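Labels for the chains are A, B, C, D, E, F and G, by order of writing; each one numbers its residues from 1.
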Amino acid sequence: MNKLFVSPSPHVYGKQSVKGLMYGVLIALIPTMLVSIYFFGMGALIVTLSSVLSAVAFEYLITRFILKSESTIMDGSAALTGLLLAFNVPSNLPLWIILIGSFVAIAVSKMSFGGLGNNIFNPALVGRVFLLISFPVQMTSWPKPIAITEKMLPYLDAETGATPLALVKEGVRNGVKLSEIQGIPSNMDMFIGNMGGSLGEVAAIALILGLVYMLVRKIITWHIPVSILGTIAIFSGLMHLGNPDKFTDPVFNMLTGGVLLGAIFMATDYVTSPMSTKGMLIYGVSIGVLTVVIRAFGAFPEGVSFAILIMNAFVPLINMYSKPKRFGEKQKK
Amino acid sequence: MLKTFSKGGIHPPENKLTANKQIEMLALPKTVVVPVAQHIGAPAKIIVKRGDMVKAGQIIAESGGFISANIHSPVSGKVTKFDKIIDTSGYKKDTVIIEVEGDEWVDTIDKSDTLIKEISLSPEEIVKRVNDSGVVGLGGATFPSYVKLMVPKGKKADVLILNGVECEPYLTSDHRLMLEKGEEMLVGVKIIMKAINVNKAIIGIENNKKDAIEHLTTLCQGYDGITVVPLKVKYPQGGEKQLIKATINREIPSGALPIEVGAVVQNVGTAFAVYEAVQKNKPLFERVITITGKSLKNPSNFLVRVGTATSNLIEAAGGLPEDTGKIISGGPMMGKALLNDQSPVTKGTSGILIMPEVESQRRKMLPCIRCAKCVSVCPMGLEPFLLMTYSVKKEYEREEKERVMDCIECGSCSYVCPSDRPLLDYIRLGKSEIGKIIRSRKA
Amino acid sequence: MQEPEQIEHQGIIKKIDGNEIDISIVSIAACASCSAKGVCSASDVEEKIVQVKTENAADYDVNETVDIYYKQSLGFRALFLGYLLPFLIVMATLITIMVITGSEGTAGLVSLLTLVPYYLVLHFTKDKLKETFSFSIKKSYPKLSTMTNINFS
Amino acid sequence: MEYVLIIISAIFVNNVILAKFLGVCPFFGVSKKVETALGMGGAVVFVMTIATIVTYLIQKYILDKFGIQYMQTITFILIIASLVQLVEIILKKMSPSLYQALGIFLPLITTNCAVLGVAILAVSTDGFGLMESTVYAIASAIGFGLALTIFAGIREQLDMMDVPEGMKGVPIAFVTAGILALAFMGFSGIA
Amino acid sequence: MAAKKESTFINMVVVLLIVSTVAATTLAFVYQATKGPIEQAKLKKQKNAIKKVVADFDNNPIAENFKVAIAEGDTLECYPAKKGDKLVGLAVKTYTKKGFSGKIWLMVGYNPDGSINNISVLEHKETPGLGDKMEKAKSDWSNKFNGLIPEFKGDEPVNIKVTKDGGVIDAITATTISSRAFCDAVNRSFIAFKNSQK
Amino acid sequence: MSKVNIFTRGFFKENAVFVMLLGLCPALGTTTSAINGLAMGLATTFVLIMSNIVVSLIKSQIPDKVRIPAYIVVIASFVTVVELTMKAYLPELFAVLGLFIPLIVVNCLILGRAEAFASKNNVFDSILDGLGMGLGFAMALTILGAVREVLGSGSIFDIPLYEGDGALVFVLAPGAFIALGYLIAILNKLTKKTA
Amino acid sequence: MNENEVIIATIITISSIGILAAVILYWASQKFKVIEDPRIDEVDEALPAANCGGCGYAGCRNFAEACVKDGIDDLFCPVGGNETMQAVAKVLGLTASEKEREIAVVRCSGSPTHRPRTNAYDGAENCTIVASLYSGETGCQYGCLGLGECVEVCNFDAIHMNPITNLPEVTEDNCTGCNACVAICPKDIIELRPIGKKSRKIYVSCINEDKGGAAKKACAVACIGCSKCFKVCAFEAITMNNFLAYIDPNACKLCRKCVDVCPTGAIHELNFPPRKAKPATAGGTTAVKKAVAKKAEPKEGINLIETAKKAAEKKGTDSKEEKKDNDNKES
């Protein structure tokens, strides 16, 4: 007889693995990727590839030469961070800026904290916000989308325009009534992704497809995305009713500025979101509120990235004060 | 919607390979090795001498305290040796070794198959008989059953819940028992009801045993106050807290016993054992054991004498497959991995599972990605990832505050973790260290 | 919600008198982790004596290290009475007088002066407060490892 | 509205610690336990407010009156240092049990950049009267408490994590604070 | 440790009194000594600012300053620059509250014909790297204004506006808010200039 | 302790910013450029030396219990001197450093040195100590300022190094924290190796 | 206001504020007398600041407090040892009693060649967890589990796993005798023993309490309880209990007779000079040990002996495999 294995129970294991989950999210992002190539052409491809590759490379180099530990690049999380970072920047961003972004995401925000699972803040978003504040010019000039069937959009020197949110912000600041602002795409265009913006944030339909896929494969639960979207819808709806000239309507709010990308793919990042369902709801609602507040009153036209980062900081507190309901805990006193 | 418990739970592949295999008698072994500690609580004290001739059903070791149980000889033959034999934990424990000669039972046992419905004994007598017969819980914890039949002063039970859930994958011994000995079991239920003075009993059965549900539902018509409740298939529904929640929607408070919410839980096998003890005067020395495994030639349900070596069962089921990597006593979720195939089966053995080598090895542990899957499956509402961290960092004080002692060790968390973290291993470590601290605090 | 959180502080038993135990605790300054605290007496470490009543005083010995604890809510109540309530009173007075007289000087001065009666009230309710703020004591948990706190050296 | 803007600005947009760099030492020192951080925040609200009221009065009725504004630094520091001690003494005298409870709960409050800095900022901001100064002080203190509490939460979590050797302790705390400040920049422009 | 001095109430009070008095006295003298230079530094700063924005002059514009009302309760200070007796320019100290963070103070210099001669930034709190490009030291953006004569249509400025709003000024990249504020301050100063002509 | 040691330990072994983490507010708040950092460092050094001198001179005259208020008065006086002098002769720099000049008074470094060193040692040693500690502090601020300036504005001591703006964050608050964090990490690593 | 008035105003204000501050701060210092004994700080300074808890107190400072309060008669800092205690004594004006330094010895020599594996453990890598689950990967239920929890808890880099023997080894120079490893080992394998003259020690490197046959079957170098050493010891330093010999370090005169008679080589000698070559009379393993001991640097004693023993018996193909296994485990 061979030597038997002895281990404590349980002796069987579920099918999900870290790799599987990460690759699952990557798969869920494929539709978005395709739409972005459709509208932004070469740029989308180059930015995405360089971001993903550099993120993976940085992680490899850090594990190999600085931490001198086993390389972790195969688990897919670095690639995912790279991909999401790319989805959060304009498709005409110069290469060197992308490299800085993915370096900040991987080295500063992830590996400094100990790598996968240890970071407090969403790496891709830290990378993005770092870039946004460091290189505001490059980070806020968005190529105008052109369907690939008409013409393949080149990488760096595409014609640029503003995002719908920037248009609105600009207009409202100048006291123009919302209904009179020029150049806002139709809801349908926004739904399929025919508008200016970061390359992964534009295609609502593709993002929602990804959400469905992740829900079906039980990669994520509904709590975070639904609570974010619901809050944004209700909160911005109320403000819109209060002053339709100044505050945009809920549909517009949901379809623009990366709300979907943020709610579905970035706020749900396991590592940086709360552990209990109650916590997830608190987290989601807060992100929704912050997003609307930043959009309506702050300097930045879009607020999801900041809202998620700010709430990332609150996650330890949320975890501390919203424990799951223990079995046998006394019901209401 | 089928009833089930509200929080957490998983659904591992069921793999009930032996669901349709009738219970067979396993041939008597040549020798039996009977451990004196087969139950929770104090080990029993040996009362036979070397060389003594014993009959099946004869008491060979006496209960060693309030929480303890008598041990009876499972066979007839000669006591050849008292020895310390490596048990399932690898540590040496006291055993009685008996060389089998014939199969002579103690006279008082009614060996017939006839069903005796009449319950003639008084509750006190029932408890005494159950105690004398060495009946312990067959659901896995091997808690001396008579203790449970004595409702503590000031407490009142109003319902008896029968645990026919058998939520562990692979195992089918309770399932078969319910099908084949349903009538006897129901009488056993009646006896327990009488002992604890309740007039309501619920049999909880998971919906993957439709035949048993049907069978017992029909039989129940003849028994007042007993109902069958089909339950959604979800592990660990068999845990008593979960079962009580699922069937009567009551939650046992942290650290309390079922009686706190007026319930008593017994395994269906225990009910059958009670029937045999009370109506047939037969002590507990044999039980139904499932021997199963994907590469096993002939997975079966056997009626096995306590003390039979595991290897005997394996032989009877077609021999140990080449690719064996692990032998587990019990189910894959809660069972204990055996060091070798020599250890004897005990009253608590509900199954022997042979796992092929490819499935036996754990995957490499990765860092926790805080995916909260363990939190969402924990039926006790705990945060396993946190408990493990506290164990690793030896932060036992905080771990205690996170209610680690509530963990029922169901293993759902380890099962589901995508990072393959040995959550339960470390939680157990925490529980045992904290247990020590709590005891020292009381002392 | 959860079990009542506790606030704990380690102390050393100074005196045992019947079932009253005097425990000395060391309260450290906000800049406690500052590596210069050893040289900086502006941030003096301070010793305070806390009295605890307990049934089983017999279990404890003088000089034993013990944990004093009380409910977290009690801690926040102390915070409220000690700092927040006087703060609210000051603010209320400040606003009222500003609105009535419009004079900053008066408002500022009077509002600061309201602290005097406030503390007097505290003084007169001393005994009642003493009942409220009662601490419990327990044996120190064996510290098996010290947390990896930020190490300022 | 004026006040709302002062409040939002002082708590979020120009957070004393994360944007103005005042009181950084206690920020890194006290932020190990969330409850302590919360309590500290409450106590600082009181101290900062009282200190600001007193220094405001001194500035307006003594320094400005006699034209000796240049003595601001020396006066303020003496006043604030004594004030903090005075509060503790009075509390101890007046209600020993309360004082004990706080002693177990909170670290001592020391004068630091935050209290002095906020007092100076309050009196030197154009258009700030007593009310505005006071509100500003309160909001700054709340901002201080908020940053402290968030940071304490993060630190408690980081203690349980496997931060690489070289980054453990101070460095990672700074990086975390940096990213926190980055996140808080999202508030910029509000107000 | 050096022998510690015994603390008694009296000696403590006395010592502190002495320390305070000595400190106060010293400071008072330092103050006296620096008072002049401080004033001068302030003056020099203002003078420099004026010098930068208007043509050569030989008078003392600061001494000749006058206030001009531009709206109810809102006045700006003007400094006439003269060569001989001839007015060669007017420096207007102006501000705006529309900056990205807080007030911006400018010194706008006008030629007698109302065209802008030059502008210098006195004080601002705009973001380094963004809004601070309005400073001459950081970029020459503010030279864009030189030579322009602000025009108005009613109360609305016409040309001194960022291009986005229909004006002629290209905003500093990614800094529309500061640029806009800058224009606002300039327009305000022009009202003062015009009113001073009356 | 040797004189050399008294002087040098402030640079590395007991560096106020990198090792002892003292005076963090000015260290973060004024280091938007190397020159600002240097100026702040020197201002602090001046106060440190002067207060060390005075404290060590009057130490034996001060009753124990009022030494802290007495020291505070001394320190605050020198801070005011610096303040006035800067206003008079370096108004531009004063405008940049602003609030942090009066805040020198609460810099633990200064009170700490007065307490720990000057109140126990003679004048000469105290000067050395103040000089060492102060210059160490100034050095730290300059390094941090230089790093932030290079990364954030693309220049060093106002000398441009490359085209363009650099990563703006480093001039802003977040960059200050992050840069100091990594500087400390690197320094830890270096000192550990040599040790 | 003219200049003189300014000066006067300054002086008056500051002086009055100064006096106010003096009064308040004086009052404060009266109220908050720091009762903490300054000697605590000094003692604390003298301590190694390892905060290891080896002294029985939560940290060095607590220990310092205890020293100041209770005197140092019953206290000992194992990390700093006698030197530190002298220093502490000096601060307090007391005298410290000399205490012999103690260091950890590992009482198990069941390397894989001596103690075959009977099963493969595959759970969390933590000795305590294994111990609570079952007896371990070998037939000996007493022996070292080899997962190195003792290594993890040592703050002084004094104990390491030898990848070949899969047993922990103590680096005597680093070991402070802090007791951390002793306390954590779930099998009670590690013992603190006085360092002995010239660091020499003789001890039974086994804690197997089974009868000889069973013990020998599980592990070739186990103490089989044959009592030979007991009989040969002239100083009554050896006791027999449960088929296991124990050598009392205080009674042992380091004569090494017992080492020679042990049939399994379970008695180890540490840091002795090499012996003169003598015809190998005792069992094979002992002979090997002796032969090697000649070459071995005295300090490394057991480690080298073990390793060399291993080398001598290298016929076993197992060794390579084992090594690989260990490597895997450590990564």
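Everything below uses one rule, namely that contacts are C-beta pairs under 8 Å (C-beta built on N, C-alpha and C of every residue); 3 or more make two chains touch, one makes a residue touch a chain.
Keep in mind that this is a model prediction, so the values were computed, not measured.
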* Asked: Does D-E or E-G have more contacting C-beta pairs?
  -> E-G
* Which chain's centre, taken as the mean of its Cα atoms, is farthest from the centre of chain E? -> B
* Asked: How many angstrom between the C-alpha centroids of chain G and chain A?
  -> 52
* Rounded Å distance between chain A and chain D, as computed from the means of their C-alpha atoms -> 34
* To do: Between chain A and chain E, tell me the centre distance in angstrom, where each centre is the average of that chain's C-alpha atoms.
  => 44
* For chain C, jot down the residues that touch at least 2 other chains. => 31, 34, 38, 42, 44, 46, 147, 152
* Structure fact -> Flagged in chain D as touching 2+ other chains are 25, 28, 68, 70-71, 74, 78, 81-82, 93, 111-112, 162, 167, 170-173, 175, 179, 182, 185, 188-189
* To do: Please set out, as single numbers or ranges, the residues of chain G touching at least two other chains.
  => 6, 10, 13-14, 17-18, 21-22, 25-26, 29, 32, 118-119, 122-124, 129, 133-134
* **Residue numbers on chain D that touch chain B, as the complex places them** => 160, 162
* Structure fact -> Per the touch rule above, chain E residues touching chain G in the complex are 7, 9, 12-13, 16-17, 19-21, 23-25, 27-29, 31-32
* **In the complex with chain F, residue positions of chain G that touch it** => 14, 18, 21-22, 25-26, 29
* Asked: In their shared complex, at which residues does chain B touch chain A?
  -> 7, 10, 12-13, 169, 241, 245, 251-254, 256, 320, 324-328, 330, 332-341, 353, 355, 357, 359-363, 366-373, 375-376, 378-383, 385-386, 402-403, 406, 409, 411, 414-420, 422, 424-425, 428
* Would you mind writing out the residues of chain F in touch with chain A in their complex? => 165-170, 172, 174, 178
